[in-house]
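The letters A, B, C, D, E, F, G and H name the chains in turn, as written, and every chain counts its residues from 1.
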């Protein structure tokens, strides 16, 4: 497979990477027309296409130009899937703390899926009800890489990191109020995780976490 | 018992509170002579005396003037205990995450003890090794109030808060490096705890946590 | 009473606590339909139900599904009260500095009340008019635990803390402008209180303060 | 009196102001030799001289060159007083919260005194023991301008501001630990004072407060 | 004149001060009805009334209840002036840097005027065009106290402070973008002024500056 | 291999992970005696032992108790290597920007090596001399995972991330001055990387980066 | 050419500079009427006029009063060009990282052009696709001064700075999300650039960069 | 002149730039031996050599290896000057606010001089004594580029920027205390300068300012 190109999370960032099956763009700060135009252009590469941070209005504009495009509500993502083969060697687990964290978790899920991975998700397993997380310990340890999304105090990656022996990608979310400072508190907490297998991406960056996890999971 | 007086955590702050058995002072930014002078003055009230954030040099100076004074190394506290009766109704649990958090936890312990409480401590039960904490769940639920000390990401109070049905006093510690910002990250994490039974005191303020816990524990 | 469950201040956080009479949810970032659905589900446990940070529109949606639900305007809370017995041993005092702090104070009041406490409130007793606070000193000292809500410089908990011998829960509010930084200044002030009996919850977290105070007040 | 000149709080800042009786310099980041040289130069104007933030070593160096110079220990100030007439119309009150705030308060006192004012000080009247402050209410209301120095939560100016009907100059001090952030918390608190008669100077800037208060007090 | 009462800048803050001729309230976060109700209540004291941070809609509501009320557009203030005597001993100068700073400056002007002062204003004299400021030097030095309003880098108080020998009240404004951080940069700059006669109030607090300046100007 | 245990980067944090060959501890805030005692205890598990952030004095104390221990100067690490088999599937590349970043890079190198990986390093390839980095492009693309250490503006991970198709672990270092804020600027830059394959660990956390990279590299 | 005058980036800031051919104003926080009035006034000086940060509505208002005015969409600028001579000695290069940075870059372009410079732009050459930047190296080195606009991590000026031997003006943009903090991260990164030929202007200040570059380019 | 190479402000950063006459290194965090070794290596290129942020001890070590090296005390710089030709077209003015800013200003001076420029300096011309600055207006306007160093509120570049029609490079210094936050306040102030001809370098980065100014001054 030759190097295809794709817009990264912001417009006009093209990545060139061998064996790539998906191209992506970010819908934020774009009109429906702009998203539709870029999406169609990316679709001409014959690969999967992913547009994150999009609205239903933007999807309607895309749908007119690319009939086969679909919309993933929870993830707020427009997708065009042509290559559905699995490139990942194992399963990617996506864990999230509260209901409000689900959109970010779903962005990670859809990113990982369209890049050719099996994904298993574990939602509403926040640390204040530790038994719910522990009830899933067995399943969690089967994953080849784990993504953990949490807002407020961002404690979940530390606990999950202690339960598994694989890389954990932590995604702070902007969920919270007052001294959560729109995700800054969760971000800082995750960077200071006492579990050594945790690395961190930007606030609400479900796409980045799904992307890194996919790269890890397809390592030969 | 009539209202006694005591210096609070900074010099010359006198608190007046009915049924008080202990007076306290803070040794920070004071010479050995100054600590010794204040300590002797407080000792003249005939109550217990507690001096926090003190050095061995300050203790030596105190010892010369108040023979019966003792030193609690881990807590860095000088104490004079005359009234050893229990005023607390139940047990105060003191939980800490890592070895480096122990001095702050011990300051809470000695404060609670000298104010007439039974204290049980649970150290090195950080969230990255959740089984160590869970192994103590039974014991934790017996406490009437719980103090939790943690640095780095400060996640422990959220997990403990979910395990017990009593008030939890969270103490962020300055343990960590880089983006821990000397305890700020732990402080913010604790303020955003998803466990609703958590309230927070200042960074490294083991004294304050022991004090509040004592007030709670002696409520009739 | 067996362990009931309730959504905490953010969606899908369930707390499990013995002898619990109230379940709660947070309306923020939810549609009327979502709040109504969760509220009805919680109502099926046969306990009291509390929904904080709700709008009148959300209440209208709830009202259609749960006839007995009521709305507390000032507190912006939807309530369903079935068990009106008193579980608290004494009175919880709720003190606030200015008129703009009242919504947060009322959230604390309604939380404490629905959890089975007698509540007495003292509003508009800010520190710049200290005589108004002092006029209530007698009444304040009768409380078993005190909640203090203040924005701007957040000085009130320190003064109240010096007047009473019981635990004080401080709630910074986002009231202010310019360098109040949406409650950060009040939060920092309260964490640095020179009164040792003060612990702090998140900005505008009246629910958390009412919750912690209730746990303290019902200690046997 | 013609315009004299004086170094302000940092070296080589000369102020020119009619009817000025005092010249000043700041000793910070200067060797004893440098302080002595500047002090002698200022002394040649025949006015009072004030050097703030100085050490005893710097004073020793000054003393060799300017025999009549004296040292104010608590204020860490070197002074040379030639003109002792009173230029202020009334009294300047200097209020401070805790013992650790006294050096900053004393810097304000010595500045106000050497600029020709009667000064009355009220120390250790922090808000957690409000009765100590109120005991001085009578005396406070006699002042023509009030300086208030406080660290930690910086609440004192709000309370004092509510007690008097004259301008209050608030000086945040770096006293505190953890979330006091070296005076930042006190500074923010004072800027958000709910008392409208409060204005603020930089952290630990006792000199600036004494200076502004002197300007106010000598207004005809 | 007996002590009148007035709401300070936030609702329900009552100040009690001898010889007061004006009562005030803040319109922010209030409905027209609420402002009108408080305004009428204050008007019953027979003094001047000032409502800051108000809209034309709020004024319309006030006007229905208090016929004699007027609106100062630039200052966004509703006023009711009954006592027009001068209580200030001299003139208050109000200086501002740019056009966008004028609303804050006007709030200071209207506050000072309704409290019985002569006010002279100097607008659009920012430091990047220093000749415009210097052209007014003569006039500036005649003032008894100077208020300086500036956003962006907040440099103007330092320059003005060096030109006059009287107290300067600096008001940072939220004018600017990017790294002005809504007035924080101007605030910090003013607190670090190298002119010693500068003290500072909160961001956009024209009322506070006018208030403090009035207290200074009416000192006997 | 059964689960061994090891102290993580702070004292008393034990990790339990299947197939683990190395145990580790952090020397910071410990005496030589303490490090030596823990090191010997860990050595009794028969695995490799790694002590990071240690001094030569601490090494001397360890050497007395564990003869076979060695010291890696640049990495400031004490090591005991018994199992030298390669567990990693490919090569880990460690890239750093400037000479001052080398200690952090070396901590990553020694961690990866003692955990059974081949490591190739590329130092002094900062972005201001982009040709030096590009000269190594060929070699970089052979790595299975890349660690990038940089201080100051922290731009290097973005450039490296664009050159390779594998996961990049970014380590901000505290190298810089002024507005580098001890690594905060580099940390923020890396979290905002426009390259989607970058995840981040704490400031100066070479150990964490080496640890995560090892987990990735040994994935089957 | 005599000194003309022009409003700088905020209203009423007039600059006076010999040989000036352009006057400018900033449309932010102004009504269409206000912009039109100032624009017409500036136009009466007979020079070029530039209004930045304007909307199409503001342009419509200007167009009614100044027929010859034109609108530059991408730059959001209203211009009136009368003097089209070249005053710059060489070419100004404007480089930007992503599509979202283009409005800021275009503001720099239009500023430089209306001040009499030849401008060459290089867009979408972000550091994650370094080959696109390097493909323009030859062209870049021909510029006499280079402006670089970038958001997110703000790494581009460091790389460009290493490629050219002339002054680089870096403009952080507010492009990004989460920990980009509205351009603060890019700003800090640029201030810490390891390329020594970089100086920085405020976030999104394309006008300032174009202005400084013009001053440099017209140096004799 | 062919491209020479030189270490930039941090070790091992080599810049390659045509027509370069000077190579430089930064002494911070280096032993005397390390500085001496690098200095000698750079000296072998036959160009001028500049080592900034050095101590007298480091100079002594250099002196032993490179006899012709000299030390500039105020600038804390070691220099080796072989090529003394003037490459700059005009004069670079270096302006500073207070005595404490002089070391940073001198670093800019020595950098500009060794790169072949005529430099004129104007010290102690802070904005609080504006007449001292204005007295030099004539001389300032003769410069081809101006460097302005200031700490505290950092207001000087705005005033200077308004006086001259050439590029101004602003250097915030770490001079100040309290809310100066080690130069952050000055940095923010300069970035928000209302003078449009100002660009900014890192705190205390006199070298960078001298470097950029030299690039500007030698433009043909």
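The rule is simple: a contact is a pair of C-beta atoms (placed from the backbone, for glycine too) under 8 Å apart; a residue touches a chain by one contact, two chains touch by 3 or more.
What you see is a predicted model, and the numbers here were worked out from it, not measured in a lab.
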Over-half contact-pair match to A-C, picked out of the listed pairs A-G, G-H or B-C: A-G
Label of the chain whose CA centroid is most distant from the centroid of chain B: G
Mean-CA-position distance for chain E and chain D (Å): 26
Rounded Å distance between chain D and chain H, as computed from the means of their C-alpha atoms: 36
Distance between the centres, which are taken as Cα means, of chain H and chain A, whole angstrom: 47
Separation of mean Cα positions, chain F and chain E [Å, integer]: 57
Chain D, residues touching no fewer than two other chains: 8, 10, 13, 15, 98, 126, 128-129, 152, 162, 178-180, 184, 187, 191-192, 194-195, 202
Touching pairs among all chains present in the structure: A-B, A-C, A-F, A-G, B-C, B-D, B-F, C-D, C-E, D-E, D-H, E-G, E-H, F-G, F-H, G-H
Chain A to chain F touching residues, read off their complex: 8-10, 13, 15, 17-20, 89, 144-145, 162, 165-167, 169, 187, 191-192, 194-202, 207-209, 211-212, 215-216, 219-220
Touching residues on chain E, where the partner in the complex is chain G: 98-100, 123-124, 126, 128-129, 132, 152, 175-180
Footprint of chain B on chain A - complex, ascending: 97-98, 126-130, 134, 152-155, 158-159, 161-163, 176, 178-181, 184-186, 188-195
Chain G residues within the chain E interface of the complex: 8, 10-16, 28-29, 172, 174, 182-184, 187, 202-205
